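Common to both upcoming complexes is subunit A, partnered first by subunit B, then by subunit C.
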Partner chain A sequence: MMPARALEGLLLVVFALLPLALQPFWVIFVTRVLILALLALSFDLVWGFAGIMSFGQALFFGAAGYVVALLARDAGVTSVFVVLPAALAVGLALAFLVASFLLLGRHPPSITFVALGTLTGSYAGDRLARGWYYLGGQNGIPSIPPMTAGPAQVSEGVTYYYLALAFLIAVYAACRFLVGSQFGLALAGIRINEARMAFFGYSVQLLKAVVFSVAGAIAGIAGGLYAFHEGFVWPNMLGVILSTQIVLYALFGGVGTLIGAVIGVIAIEIVSFVLADAYPTVWPVILGVLLLVVILFRPSGLISLFVPRRIPGEVDGAA
Partner chain B sequence: MALLEAAGVTKAFGQLTALGSVDFVVEEGQLHGLIGPNGSGKSTLLKCIAGAELPSGGRIRFRGRDITDATPADRARAGLSLKFQVTSVFPELSVYDNVLLALQARSPLAALTFSRTRAGLHGRVLEILGELRRRDRAAAAAAVLSHGEQQWLEIAMALASRPQLLLLDEPTGGMSLEERRATGELLVPLRRSCSIVIVEHDLDFIREICDVLTVLDQGRVLETGTVEQIQRSRKVQEVYLTRV
Partner chain C sequence: MSDKSGLRDSASGMTRRRFLGSAAWTTGAIATGAGSWAIRPAWGAATGPIKVGIATDLTGAIGYAGNANANIAKLAMKEINAKGGILGRPIELYIEDTASNEATAVANVRKLIQRDKVDVVFGGITSSMRNAIKDVIVTRGRTLYIYPQLYEGKECTPYIFCTGPTPAQQCDEFIPWLMKNGGKRFALPSANYVWPHVLNQYARKVIEGNGGEVIFEEYYPLDQVEYSATVNKIMTNKVDVVFNTVIPPGVGPFFKQLYEAGFTKRGGRLSCVYYDENTLNINAPHEIEGLASCLDYFRAVTKDEPGSARIQAEYDKQFPGNIVFAAGSAATGMYRGLKLWQAAVTEARSVDREAVAKALDHAKISEGPGGPAEMVPGKRHCKMRMYTAVAKQGTYDIVARSKGLVDPKEC
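What follows is the complex of A and B.
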């Protein structure tokens, strides 16, 4: 067992040095893992810390991916300084729109209502993309030109790896700051007893809408990075399967810890790759059983194998 | 002007009428007891005042403002604070964080995000825990507190926002005699800063600390008056002698 901070430091060092030891194929693979880790963080923020069950994080991820793909295809805009802020803005705005419908009513919505509402949004996004010719229908938008930074291209490989890593570190640090702040304490209160919080005078629904929108922005950044990394976008990026996969990443790694979401992505992506190679036909079944075993016997996720359980409500300055 | 005025408040759950046209007034600085047999509507009235239930009829005014349809959060911001009958502390959080959570409720979002009020509130959290003589328990999880300690923590949380009207639903429920005495000592000085409405079954406790009592029976006000007036009331004696 080691403290969570030590595990974070260890992962940081490993990720910083990894491209020096990896073949180009594996650099691309790990870059994808880093981007998906951003997406898993966005889910952990809303579910693990605020108790909002979002089955629709892929909607913000995919929508941002499509918007930057269209910017690149139709407007020739590929600058990292435009496309990634645009991806963030799309995720933020779309998540706030969804939150306005699902969270900002007069009466607090149930977890089931929000879960089904976000799932429906994800499904609707997928169907819209499949049916809209302008978005490429079933095939999506292929051949997105590489991202640029001034005259230089930022294409897949070591440069893109460090770009994704930089965003992951920045977003992780921002999430860590947020959940450790008084705002994070309010989120913990909402997660534990939402009704009680209203009697203190908190605008509970507004706080939930804010954190949901922030998570949408994170998913948006991930979508923008993913679109340029893969070079194409397709309807599955918006859909229910990816939305569910994001939930599994966090559950597998351990919710409410941030680092657990990152570990969940690493573990599932590596195991999926190995299983798909060894058992090309039945690997999804094996992966499903493995996920069930972990969730049943390690409900706190894989993170509980590495770090001791978080001391509840431990704060700076207490006592 | 009275601090709180409930006029003709009714509350029905399907065919059951829990409150039938209740008039209830609380003055500034008053320690007002709300008593009555089980099912008389005490907790329902308190919930209607705090916003946990919306009345089926009647109006509730707080500091001259109509709050009948206001949300619990709006009422809390207006100066009402409720301690629930069932303790609803946040068991996973520390005692310190429970109090801080209640204290920071009115801080703006930006201040919460950047923890700008934390240093300012730190002293107040310790002060509140000191008043409860629980400063040494600040880092403990609320879940490990005894039932009596959780009740006190709940009162501390209700008081943290410096309300003008504190609503306490059975604050001594499940407490030992010694804990009840200590709770009384805690509550009486509070009248200098706020009015208090207490729902209690322990009549000795109510007699010792309240100025005014309202007796409810079958969802209606049976009698309102000073402790002496209530003790002499034939109607109240009848209810308590025949039904309790």
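What follows is the complex of A and C.
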């Protein structure tokens, strides 16, 4: 058992040194994990800290992925200094649009309404991409050229690894700062007793819309990184399956802790990898059972194995 | 520890274990499982085996097709190794699951390229899967890629070779046959995705070029299961031939409703070019009696094609059960591709990508599912025999066969 801060520090050191010890294949594997960890963080921010059940984080991830893929395909723009800000902007704008529709109505929405609303958004995005031939329809957009930084290529491997890691650390630190700030305390208040916070004079829905948009921006960055790393985008990237997977990452690791989301991604991706190797015909079933078992018997996630109690000043998991 | 069939523990398996042991406690129990999914030949050679990667959908929505692909690849591997391998080296299969999910697929195909360093990759069934994995294999991975499925054509990326039928191969002989054995008024009900759009474009050209007429060409959502409006349109417009590209799950109810409306009773001809022995079971036999399909292989071909009969018999012996060897799900293209590649490596006397691609460009085989096949030089697509078959009480009857090898007309 160790305190959460020590766990964060340990992971930081491990990730920083990992490429020195790994073969190229593993560096690329872990890069993908880092990018997905960004995505899981975005979900943990809205659900774990603001109590907004977003079943549609993949919408922002996928939309940003498609936009950067189009930039690369049709405009020939692959510069990291353009595509990643663009991805961030797409995630932010789209999330704000969804938030203003779902959260900023006349009456405060219920959790179910928001969950189904975001799920619908994700589903609609998937269907739109499937039916729109400019976006490649069902087949998506393949063969995205490598990302560039000036004359240099940011190709998969160690360079891309550190790019993704830098973003993960920056976003993680920003999230940490955010949830520890006055704004974060207000969010915690909203999650625990929304009516009382409204009574105190906070514009509860506006605060929620802000955090939802920030999370959308994070998912957008992840989408931009993912599209260039994997080299293609396709409709499922916007869809319900990925949206659900993001929820699982966070639940598996432990919600409302930030680090739990990262641990969830690492654990699920590694377990999938091993299972797919060992039991190629039944591995998804085994993975499903495993997820179910952990979520049933460890409702506060894997993190509860490392961190025994609630951390002072920290808020607890899915209440 | 490795037995003759060869599931094994290898050095790379051990490092993976060690990595996991230290990184994730959850995997402790699992890591004692069956070991990695490489199928080793029973003998080695000085230069080591040739590594063949198979990436196919073993799990997920089209798992039935992927498993047939893996089975036929194992069969071909045994055949090749039993005859001394290629260039005196045995071949070794590395099978990865693409899970009917493109994101998982990219991660798993990377294992083949970057970890296992295979010499060639076969696989992918849907076009979206091919698009997802081709970059990892060909551009970033600098490895040869062979795609085995019937598809809409237009894949002209260098180092990708296609060994399944194209629209030209499925239409050029089939549509004139349909006109003679159905009529001139065609309806093109379709699922809304890339393959039907591109196939119909070609089919329309052939229909109109032969003096036929397309009454309507409509696209429905992939999960639509209610087709009474379409059926009504077919009946009232006196359509002679339904050239269907609606796919499961919609295709079952569609054919049923069409049958109940009396389309076949009044002499209408149902046709569907992806229909093989797998899809035959979707409807009750009487509902699709007379359905015509055109593919590179049907089980019925084995009656008078000894090469096909041998492969089919061998498959049935090694893989009894409900994963059948059929053309609609890439299994025939997989076998054909493996044999063509074998011929190319033999000619090139090397597994180097450039050399093999150069030889594969004009590779030929005299025996395969449905008969001989040869690559069209410069086109990276494959000439093959095509068969027209009609469903009769739950099986197929071959009613027409191409005179020679049909040109894919691609690239």
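As a working rule, the second predicted complex is superposed on the first by the 310 of 319 C-alpha atoms of A that agree within 3 Å, B and C clash if a C-alpha of one lies under 4 Å from a C-alpha of the other, contacts with A are read in each partner's own complex, and residues count from 1 in each chain.
FYI, contacts are C-beta pairs under 8 Å (C-beta built on N, C-alpha and C of every residue); 3 or more make two chains touch, one makes a residue touch a chain.
As the structure is a computational prediction, the values presented were derived from the model and not from experiment.
Contacts of A:S143 after superposition: subunit C is touched, whereas subunit B is not reached.
By the document's definition of touching, neither partner reaches A:S100: not subunit B, not subunit C.
By the document's definition of touching, neither partner reaches A:S110: not subunit B, not subunit C. Counting residues of subunit A touched by each partner, subunit B versus subunit C, the larger count belongs to C. Of the two partner chains placed around the shared chain by superposition, neither subunit B nor subunit C is touched by A:Q153.
Listed in rising order, the residues of subunit C touching subunit A in the complex are 16, 19-20, 23-24, 26-27, 30-31, 33-37, 58-60, 63, 67, 95-97, 99, 101-104, 106-108, 110-111, 114-115, 126-128, 131-132, 134-136, 139-140, 157, 192-194, 197, 221-222. Taken in their complex, subunit A has these residues touching subunit C: 23-26, 28-29, 32, 127, 130-131, 133, 136-140, 142-144, 155-156, 230-232, 234, 236-237, 241-242, 266-267, 270-284, 286, 290, 302. Residues of subunit A that touch subunit B in their complex: 106, 178, 181-183, 185-186, 188-189, 192-193, 196-204, 206-207, 210, 311-315, 317-319. Against subunit A, in their complex, subunit B makes its touches with residues 50-52, 71-73, 76-77, 81-82, 84, 88, 90-94, 96-98, 100-102, 104-107, 109, 111-115, 117-118, 122, 135-136, 138-139, 141-143, 157, 161.
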